[in-house]
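Across the two complexes that follow, subunit A remains constant while its partner is subunit B and subsequently subunit C.
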Partner chain A sequence: MIAPPKPDLVTVNVDGKEIAVPKGTNVIEAARLVGVDVPYYCYHPKLSVVGNCRMCLIEMGMPAVDPATKAPIMDPATGKQKINWIPRPQIGCATNAAPGLHIRTNTPQIKDCREGVMEFLLVNHPLDCPICDQAGECKLQEQSTAYGRGYSRYIEQKNVKPKRTQLGPRVTLDDERCILCSRCIRFCKEVARDDVLGFVDRGSYSTLTCYPGKALANNYSLNTVDICPVGALTSTDFRFKMRVWFLKQTDSIDTESSAGAHTIVWSREGVIYRITPRRNDGVNDTWMADSGRELYKAVRAGDRLAAPRVDGAVATVDAGLRTAADVLKAAPGAVAIVGSGRSSVEEQFVTRKLAEALQAPVSLVSRIGQGDGLLVSADRNPNVRGALVTGLIQALPGPQLTALAAAIDAGRVKAVVSVGEDLIAAGLTPAQLAKVAVVYVGTHENATSTGAKVVLPSLTVFEKSGTFVNQQFRLQRFLKCVPGPAGATDDLALLSRLVAAVGGAPVPGELHALWALLAAEVAGLAPVTFARLPDTGLLLDPTPFAGLPFAEGAGLHYQPAAAVAATA
Partner chain B sequence: MPAPQQRRIIFQHIDEPGYTPDLACYVRHGGYEILKKAVAMQPAAIIDEVKRSGLRGRGGAGFPCGVKWGLVDRKSGKPIYLVVNADESEPGTFKDRYIMHQDPHQLIEGIMISAWANNVKQAYIYIRGEMPHGARILEKAIAEARAANLVGPKILGTDYGCDIFVHRGAGAYICGEETGLIESLEGKRPYPRIKPPYFPAVLGLYQCPTIVNNVETLCHVKHIVDMGGDNYAKIGTPNNTGTRILCVSGHVRKPGYFEYEVGKITLGELLHEVCGGPLPGRKFKAVIPGGSSAKILKFGETFTLKNKDGSSRTLSVEDIPMDFDTLAACGTMGGSGGVIVMDDSVNMVEALANINAFYAHESCGQCTPCREGSLWMKRISHRMVHDRARPEDGALLKSVADQIAGRTICAFGEACSWPTQSFVLKFGDEFKAYPETRNASKTDGSLELV
Partner chain C sequence: MATPVIVERKPLTFAERTYVPQILAGLKTTWQHLVKPKETLEYPEQRPAIPPGYRGVPTLVKDPHGREKCVSCQLCEFVCPPKAIRITPGEIPPGAPTRHVEKAPKEFEIDMLRCIYCGMCQEVCPEEAIFLQNQYSMTGYTREEMVNNKVRLYELGGTLPDQHLKWDKKKDAEVHGNDRH
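Showing the complex of A and B:
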């Protein structure tokens, strides 16, 4: 491994506080490090710098040197090197740290600059905060409180612009609220690589719109809503549903693919309202795909399993588990387990314990699609690497459950435990499925659950805590956002009780207790405890699995091992 | 004392009977001889002549041309572009138009000399969209010059070649701002770029080093090579060398364009003697000396300036020599040479309303202070003129302007706020009294204001 080059540190002075930062760091980020807030609208750490909002104006100076001798010029009053201050304010976003750079943000001139920009931004703004979805998380609100004058001198008519333009299937635009920061335009061009947004007209009449005949329809369009500093771009899905200050934020992980974008799930009183990305500079920066934001809808979907069933009749969990154990014990040596790449690391570990107790072979359902080169990878299972790490499987799953199908046809398998997987969708025929007794532990109704001998409803990713291992072999934590529905039981509890019921060695059904066992038994997880896992995740050692032909192509912050090896 | 004589270098043949814009006429008058001389010189020697000439840009900012050329990144390995700023849109300015209409080959020769000096292989003339006639003349002239082996590959039997392309703007004042112009030339909205990092000399057109010069400036280059930098520097006054074209419009008897040695004529001589003084029965009230963006001068005010020897001198408006440095010392600027004269029939609130309407219409809308401030100032002055004026509106106007100047991406922020700042500062009484005077001034059948 090549050590990354040491960043070239330079010392800068922000409002009298000195700090060493990597050369080239911009003033906004440098000031943040010493706790000085430099307000901004158009700047975004993951987009190009355009400097159009003028909110981040700062005073800048450099140590004075004699032009002839290059010797420092000292200030006799302070005994320190004199600072040559530039009279004209500079924008912080485009000012990069250089040795000796001095910044002032707390001067009367800068206060006046900020008040001026705030006033200008508000003169043509509709001030419709009471009905605006952005209220509560609006930079205009926050910064007018912090840096505005608090009163208006504007008595003229305000501009009139389009109020509810559908830019695409998921994004609604209110042009009157737009402050023309161009973040959304830059995002589409630079990150989504779908250059569809632009301004028409000029001056204060400038209006954001799509190019003629185009729509903001790419799978990353909702990121424009996230980065819109005001209420101009709103999510058509979330619009007018809930005030944001009522919502509880819970850290989670996007389960739509092995990219594993970090997310925040926003809920109130057990109901999820939206999912937004959570910044992780090593995984998803500040972005996530639109498709991952809709996954919460499965929580309250109509086909959610509501109660345990035995032979199609509603039963208790105890009865279901008892019957399941009977069925599995009645077919010694003829049980197969279909695990899931959607299960958490912890569930996969307990699934392995179940397989060991039953001496059962394990297959995994593969979900390979097209990667988009960004944050939806080719492997649509979020946690196939978790199954490898926990030893649930030793090789990557094949495209279909062919071995299981053959075993059923040959009569070698009489009973199957399916952890949330629809075996028909995974390649079994209805006739094959009819030959075996199925124990189904899952969340939603499907062709497998309808015909199963025992159905045990479990929890979605939003209703439990656990970890996934993404394509980078990064162990990432997701937390319980909302309680599960009545009738559903935590997967870990169900699986661990099933292990005990079939006579296996007891496994804790509680997450933190289980982690003690995980750390002890699974190579690579030894130093980890669930509670101490960093919010940004923990990179595991991928070398034991280096030879496996993983499906993912290059994505944001991910290179396939072959590509990495080729460049090394 | 009679006014000094015009010294026509650039405008030598403008309005000359029988002088036509075609190549044959230009060659008959000695055209392209200087280009022949130039290609026999070392490029660095030409740059040196331009540096020694002290030539300052004639587009508005008066930046030394030789210094600008000296800043060009010549080590990047990327091509260097020359862009001719022919987007002459500053209200009150009409000099480049006459060069392009009547003497286009003078410009082309100046371009080719400058291109040779800076190893430029492709030059662009960015011409204002409202000048289609000029664009056609230039295109024809370039075609003629190309046929005569004066433009294009291997000019004049050398291995050097440079082509010129005429690009027409679409009618936006901001395209005269050099980085806005570059963006427009690249096919984008003319949003001026932030500097740093996008200095044209390093990261200009297509992110390559680029020289952007005004039409008149490039014409001067021809004459500098002709007479030598040191001789050119003897024309005009120190640090304000050469001649420049002054365009006088407004309330004088004989408006027009005049070419004088820089600093050798005073504003008073220009207006009273060259332009025939005020209209009958009128008195001069105010003058904008360098295009509508320049701060206004009020007749009757005086300026006390420091001399080099430490003494001071007091100048009236009429005493101000028309050079870059003295105008700047008097709080305004030489700008683009557009002198706009207003007599005592003008109400300054209404004049400012007109100027503010222009800048609100022309703000590109990229950065906040200019975008919102220019329209706000227009709305205030428009309301004052058309609806309800308040005594405090003058102070409000100035306060808005103060929030723009110095805080924007490009110089448009100053361009749109300097008029308001100077009008209110110097004619504050008129702004305070306007609620009472408005009705009186509206009865004389004056033009409807925008």
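Showing the complex of A and C:
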């Protein structure tokens, strides 16, 4: 990867416009800053530079100096220092900003170069845009409108290459569309560290392929699909499902672990079709794990809770809430709450209010797995730190709900409120669960919801807005992508109405009103409002929780506190 | 208030008072129409000749080898001003004779209650698969009947000649392979 440039600024001149950029900045990035578009295929801001597509050709010059005296040579016509232009074009991606560097991207020579490169790239391209999934977000399509010829001078037969190759379980390769930019190869080598892709054969027969006996099966393989500038690498899941120009993009957060990769959810008419990463240089760069891209399938899963239930019979939300309040008030001092590390910050805050109203102890279900050192961290709950920040819990959750199990066995707990958590999976036995009345607020059917006294269906992360706090203590916003199903109610509304029903102080069930209360009551969130939260998230102060033994190991843009302390 | 204006009327002449010239002038028009060639058709027994370029009911067509030409690129769905078209894209399964085309519509619906016969779908189609042909009369008793599904669209469309047969050429190239290697 490119080393971060040192902060000393140099002035470069792009098409006559001066701009100060950090020394060593890529010319493509410098040009972007002054609003000049340099077209490219192989360059990627988060990968090494190879310069093999030749699309970013620019004219480059340096201020002239006398070789002997190093005195500037002035141009008498303009009165400024003369510029020595290199007679042949250079590639922009491999040119770094140096003091006095001059760039021209709008000369006839550069236009000729781009048109020539474009024509050669299209020589063997199948032009099957009508069936190609990349159509609509294809760099080749975009740039052929600016630099393409509109017709082909090539009368020979186009090369035949393998089509519909399964590179791995999730990626399909069409070699005829490949323009040999090698982004996918560099990604596998440099980021995923699973070096399985490469080119074979020579010249126009060059073909992208997997090493024999290997497969592109790592958990980051779908990033190659994202960075493929053409339609060569396509997602097997999304293949032929929907054209991208129909899809609405909504900013969201990957909920599979506390790494909290920023994502874009692509939906049409209330149906989610795919999830792709959203660039955030402080969290996930431009990557995300494949496992997080499949989470949308839970939205339309068959075991989704469809209607509120009381004692197994379908009821209204009002009746459910009334029964739930009766159940909880009938067991004063014997109620326990199982919160969730998958709830949003706002829901966790309202859960805390519910616990305070009921004088109930709160436990959280822990989900510790194996971190992969990149974007899947060891803690598979996306928002345990949110529970700490909002004060729902004071210590990290234990591996099993042992305290709750003991309390049930001792008869000290008669009723349990579960916020989307399956208590059997979290360590309770069916016998223990049968002893208590369960109020279940969640999205999917599980062993707890089937036996629950009251079931209140709620929304998945794709159907509501809110915030999570990731492993860096970064408060990140996710937005509602699709409407929830009939019968499900927003978690915040359910929980706030439950608080009111059990006799607690009223809590707003609406996000923006709740944030006013959150900012007032939670110390760490004082300066925040939901509407003004930056898209890249907001780093909270982690010092109040510095002593806690968090499970996460080192990942992308994350060092555990212990490792940071050791190196400091 | 406006003052009333009294219009002076010319008194009628004797001929005008008999009404005979007016009746004869009216009968002249009637007689002219009686002897002129007929402008109307005995619809539905007689049907009009459809001029070339007529924009009738949109249909899907097959190529001369019987391959459905639509590849469900959904450009017509995108361009359709009244949003009458609804396509469910699908993959052509392995082993099918047109597998090399890879993509075909699983379902293709045109709501003829919405269609405004503008012809933009035909104009935008990159595969020359959708044509507004000669049929101009769509009737039905229910709303469902007025939605043409894929089967009905191919029935209406039939087969049209194809000058390019680009997918056949592509298949030939795939079978033939590269010239030298």
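As a convention for this text, the second predicted complex is superposed on the first by the 562 of 568 C-alpha atoms of A that agree within 3 Å, B and C clash if a C-alpha of one lies under 4 Å from a C-alpha of the other, contacts with A are read in each partner's own complex, and residues count from 1 in each chain.
Throughout what follows, a residue touches a chain if its C-beta (ideal position, glycine included) is under 8 Å from a C-beta of that chain, and two chains touch if they have at least 3 such contacts.
In this text, all values refer to a predicted model and were calculated from it rather than measured experimentally.
Visitor: Between subunit B (first) and subunit C (second), which does A:160 come into contact with in this model arrangement: first, second, both, or neither?
Guide: So A:160 only meets subunit C here.
Visitor: Go through the superposed model and pick first if A:135 touches only subunit B, second if only subunit C, both, or neither.
Guide: Second partner only, subunit C.
Visitor: Does the superposition put A:119 against subunit B (first), subunit C (second), both, or neither?
Guide: The first partner, subunit B, only.
Visitor: Mind telling me which of the two, subunit B or subunit C, contacts the most residues of subunit A?
Guide: Of subunit B and subunit C, more residues of subunit A lie in contact with B.
Visitor: Contact-wise, after the overlay, does A:241 reach subunit B, subunit C, both or neither (first, second, both, neither)?
Guide: After superposing on A, A:241 lies in contact with subunit C but is clear of subunit B.
Visitor: In the superposed arrangement, which partner chain does A:23 touch: subunit B (first), subunit C (second), both, or neither?
Guide: In the superposition, A:23 touches no partner, neither subunit B nor subunit C.
Visitor: Between subunit B (first) and subunit C (second), which does A:205 come into contact with in this model arrangement: first, second, both, or neither?
Guide: Both partners.
Visitor: Kindly classify A:51 by the partners it touches after superposition: subunit B alone (first), subunit C alone (second), both, or neither?
Guide: first
Visitor: Touching A:111 in the superposition: subunit B (first), subunit C (second), both, neither?
Guide: neither
Visitor: For subunit A, give the residues common to its interface with subunit B and its interface with subunit C.
Guide: Touching subunit B and subunit C on subunit A: residues 157, 159, 205.
Visitor: Spell out the residues on subunit A that touch subunit C in their complex, using ranges where they run on.
Guide: Those residues of subunit A that touch subunit C are 126, 129-131, 135, 157-160, 163-164, 205, 239-243, 245-246.
Visitor: Over in the complex, which subunit A residues touch subunit B? Could you list them?
Guide: Spelled out, the residues of subunit A in touch with subunit B are 49-55, 57, 88-89, 91, 94, 112-113, 116-117, 119-121, 123-124, 153-154, 156-157, 159, 179-180, 198-199, 201-206.
Visitor: Considering only the defined contacts, which subunit C positions touch subunit A in the complex?
Guide: Of all residues in subunit C, those touching subunit A are 71-75, 77-78, 89-91, 100-103, 126-127, 170, 173-174, 176-179, 181.
Visitor: Could you pull out which subunit B residues touch subunit A in their complex?
Guide: Those residues of subunit B that touch subunit A are 172, 189, 191, 194, 196-197, 360-369, 371-376, 379-380, 383, 396, 399, 403-404, 406-409.
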